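In what follows, structures are represented as structure tokens.
The same chain A turns up in both complexes below, where it pairs with chain B and then with chain C.
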Partner chain A sequence: MSKSKLPQRLVQLGVLVLILFSWWYFTLPGGINQLLLPAPAPVFRDFWVLLTTSSIWPDLLVTVREWVSAVVLASLLGCSIGYLVSRTAYSVRVFDPLFAGIYSIPAILLYPLYLLFFGLGEGSKIALGTTIAFFPVVLNTIAGLANVDKAYIRAAHSMGANDLQLFWTVMVPAAFPVVLTGLRLGCIIGFLVILGGETISSLAGLGHRIVSLAENMESSQMFANILFAVLMAFIINGTVSYVEARGRRSAQ
Partner chain B sequence: MSTLDTEKSKGFQSPRRKEEHHVNRGDAIIKVEGVSQAFGAEGDPRRVVALESATLDIARGELLSLIGPSGCGKSTLLNIIGGLATPSTGRVTIEGQTVKGPSPQKVAYVFQENTLFPWRTVIDNVKLGMAFQGVAKAEREERARHSLEAVGLADFCNHYPAQLSGGMKQRVQLARALGLQTEILLMDEPFAALDEQTRMVLGEDLSVLLARTGKTIIFVTHSLVEAVFLADRVAVLTARPGKIKQIIQVEEPHPRKSDFMTSDKLSDLRNELYELLRDEIRKTMNVRAEPE
Partner chain C sequence: MTAITTTGVSVARRGPLLSPGLTRLLVIFLLFAIWQVGAGLWGDPLFLCTPVQALRALPHILSDPKVDNAIVVTIYELVTAFVVSVAFGLCIGLAVGLNGFTKQSIMPVILMMYATPQAIILPLFVLIFGIGPAAKIAFGISHGVFPVIVTTVAGVQNLRPQLLRAAHSMGASRWQVFTTVIFPHMIPSFFTGMRLAMTAVLIGVLLAELYVSTAGIGFYSRLYAESFSPPDLFALITVLAVIAVTLNELCRMAERHFSRWNIG
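Presenting the complex of A and B:
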């Protein structure tokens, strides 16, 4: 296992090194204008400052607050609406394609509307994040609950399970891994779209910081902030995937 | 299971078991009265009559096998008896009461497919069945251990179903059914998914175990040998629409040992069953060969 995985990791590392190397090479004096693409050294210096000082904290707090609110709202709405839809085969046939269809529309198009409704502040980002994160949650909740193996349900009925027991001891654990995948997707795309919303129009947040640094031609600082956002997305992805894997194992 | 052997022989000589050869109709615990099952509306060309006016009495403590060609409605009949399906006409009574839905206090099931919940350990699966049935929480642990011991899986309480072989999973399903302590056990091709050697060994163990418990059992199977080896009576169903063609007595005391498996008596009965079934199986093949 580890034998076959090692070269794979090496190749991945190689690609990253290649990107870093090209970045360094093309930004050597006489290369790309430092205002458009600063060299790695000043970017990493600014990145280090970001990590070691508290200057980014107010904006970070705003983004995290928006993200957590959106994820919580989307999970509550997605799970409860998904549950209601999954209750009859008819409503699954009606609503499942409907949600899947709406999901394929780029929800970012709603953003101007949300800006009008909820203003430039956190409300519009929470609304956008909730909208986007809602769909994977609701679709996976429906899929999870509607596709529980009929044999489990039959067995539970034969042993006298009532509706409440059936739901909590059979339906929920059987659907759990699928719902968890929906929650993971919701967490990740929710974060991405909130950052996107902040860069388009906002009063604070990581995206807001990046845009205002760009407008002030603070290129190396802007890239340091982008690096920070990438790191955050990476950590969120890793954490959520880890939680999902743990949840799956306990539910196997 | 050899320890079970000795302690069981007492249980097996119970008067209930002895009586069963001259079946007293009054003592029937299950009565199947003119039960038919059709899928699809009348007049619909796709209407399928799975089962046609089946009438059958099952005596207390009897082990009855249902055998017949594929699609003859064996499982349908079992599901109707268990209250998991509603017959189109006719009725089933258990101890005089008409079956209208699952009766978990009286009937336990062993299914063909694996219906153990993969997210629960073996013992938690057994206990969950009792929780559904309404057994007090304090009693469940001991009863679950006891029934897992009875199927020889006491050491696997904390395993997950995915860690067990197919044969072991079916034993756990059996333990779960035994833990419900019902009078009646319905088994729907419980060994169908297992290889022949495993099912023969499980069949022997089952005979020992069931003789000891004295339950009333209906056992659906595809296997002629299994039917004869386990049952007091074998009900042969015709090709679709399934009717009960004949009932064969197997006069051999329980628990049945491996030498019965290889006896002339068993192979004579097996051949008799095969004669009865051969035409029926041909019928289903002809039906299938017909151009659409």
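Presenting the complex of A and C:
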């Protein structure tokens, strides 16, 4: 891989420039309706206003609070249930297909129900985020803990490790990378689905903000907010992947 | 560590009495029983109903021609979005993946778009495509096309260059190379992509229907939730779950059918 990466970078830059240019070109007066697609300049101006003022903080705080609650709940539930299931090979064979089967049903179906149970506020989003983030965590926890090399376990047993020692010094380090992958998936899917839930119906949050701007036909502000949410998704993605890579390395 | 069900060993180890599949059924049955009893005793009929009530509501909502129409609309949206996603994703994935240069330069851009939360651009889809099925199909495609692209590119990557060279040197046309070498080789990852796309399309279409719609299952589930009739809502969710599981199983059956060559 000693080849220069320059041509690829140039093509990527070219694609970005092309997108920006066509955005600018097609939104010139007489082009696409400003309500559908505003010109780049006002969008970036509004984006700058968004970054430099504090108007977005209350909504951002709501979304982040929902996300963190959902991820923490899903991780706790997923890891503990995954641990319990992985105790015997029999229960793995009973519950693993069950969880995988339920996972294939889109949980967004339950959202009207959650709105009934938990109201329009943060509760319904936390419940939806928890439901969706739970499955990757539990499936990966089961996969990680149930597939620990039997030789390690026998070795630890023959050296006289008790159950607690076996768990902390053998099972957890061996299963850690797989569990981490589950947690990463849970974090990302949870964020996406919470934004989705806020878009459908909510009282506050980033999704709510974007929808109300869309409904008021404030296109350039809506695009600025979309840009902000996309940026936030990238940051979450990058951070979580980085933490996963670090954790994976430290586990070895 | 645990029970081995071979009859010879099970005497010594005392294997489980029931097969895992049977226990799984029992667990599901137990969950429904808890739901039935719990909802019957403590549930507020405005918010929660028992599974028996939901089952009773099933023929009731299915006999409503408007609901039947909604189910047909949703299935139409799902299938259209899925087919277009797979076709587009396959073409883009092949175009990008078969060439090292385009793969390294375009793929990061595609991955970046894949990582974008589409839910927040949903209002945009409604602005552009209106509140009819077009917006749902477009939104479903925006969810479904990326998993197909990514898995197609991954599948093409596993292709051994010797096979391509051999096919070319034996005078195979582009189409022949595709049908006899490339396609059979990318089947496992391609079908993984199809299943991921199916799930993604379901999420996309349902999100769009729940957000704003005039027909479709999302519209009615919202209506039932807002008019506080949980039996109808649960019955509709059951219908949707059946659709989701059926579509998933169809993908799985197609996968088994097309990957037979690899097993045998």
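Everything that follows uses one rule, which is that the second predicted complex is superposed on the first by the 238 of 252 C-alpha atoms of A that agree within 3 Å, B and C clash if a C-alpha of one lies under 4 Å from a C-alpha of the other, contacts with A are read in each partner's own complex, and residues count from 1 in each chain.
Throughout what follows, a contact is a pair of C-beta atoms (placed from the backbone, for glycine too) under 8 Å apart; a residue touches a chain by one contact, two chains touch by 3 or more.
Keep in mind the model is a prediction, meaning the values are calculated, not measured.
Student: With both complexes overlaid on chain A, does A:H157 touch chain B (first), chain C (second), both or neither?
Tutor: first
Student: Check whether A:G30 is in contact with chain B, with chain C, with both or with neither, and answer first, second, both or neither.
Tutor: A:G30: touches no partner chain.
Student: Could you tell me if A:V170 is touching chain B, chain C, both of them or neither one (first, second, both, neither)?
Tutor: First partner only.
Student: Using the superposition on chain A described above, determine whether A:L110 touches chain B (first), chain C (second), both, or neither.
Tutor: Second partner only.
Student: Which touches a greater number of chain A residues, chain B or chain C?
Tutor: Counting contacted residues of chain A, the larger count belongs to C.
Student: Which parts of chain A are in contact with chain B and also with chain C?
Tutor: none
Student: Under the touch definition given earlier, write down the residues of chain B that touch chain A in their complex.
Tutor: Where chain B meets chain A, its residues are 82-84, 102, 104-105, 107-109, 111, 113-115, 117-120, 128-129, 131-134, 160, 162, 176, 180.
Student: Would you pull the chain A residues touching chain B in the complex into a rising list?
Tutor: 151-152, 154-162, 165, 169-170, 173-174, 176, 250-252
Student: Report the residues of chain A in contact with chain C in the complex, numbered from low to high.
Tutor: 5, 7-9, 11-12, 15-16, 35-36, 88-90, 93-95, 97-98, 101, 104-106, 108-113, 115-117, 150, 153, 188, 191-193, 195-196, 199-200, 206-207, 210-211, 214-215, 222, 225-226, 229-230, 233-234, 237
Student: Name, in rising order, each residue of chain C that touches chain A in their complex.
Tutor: That would be residues 1-3, 16, 20, 23-24, 27-28, 47-48, 101, 104-106, 108-109, 112, 115-124, 126-128, 199, 202-203, 206-207, 210-211, 221-222, 224-225, 228, 230, 233-234, 237, 240-241, 244-245, 248 of chain C.
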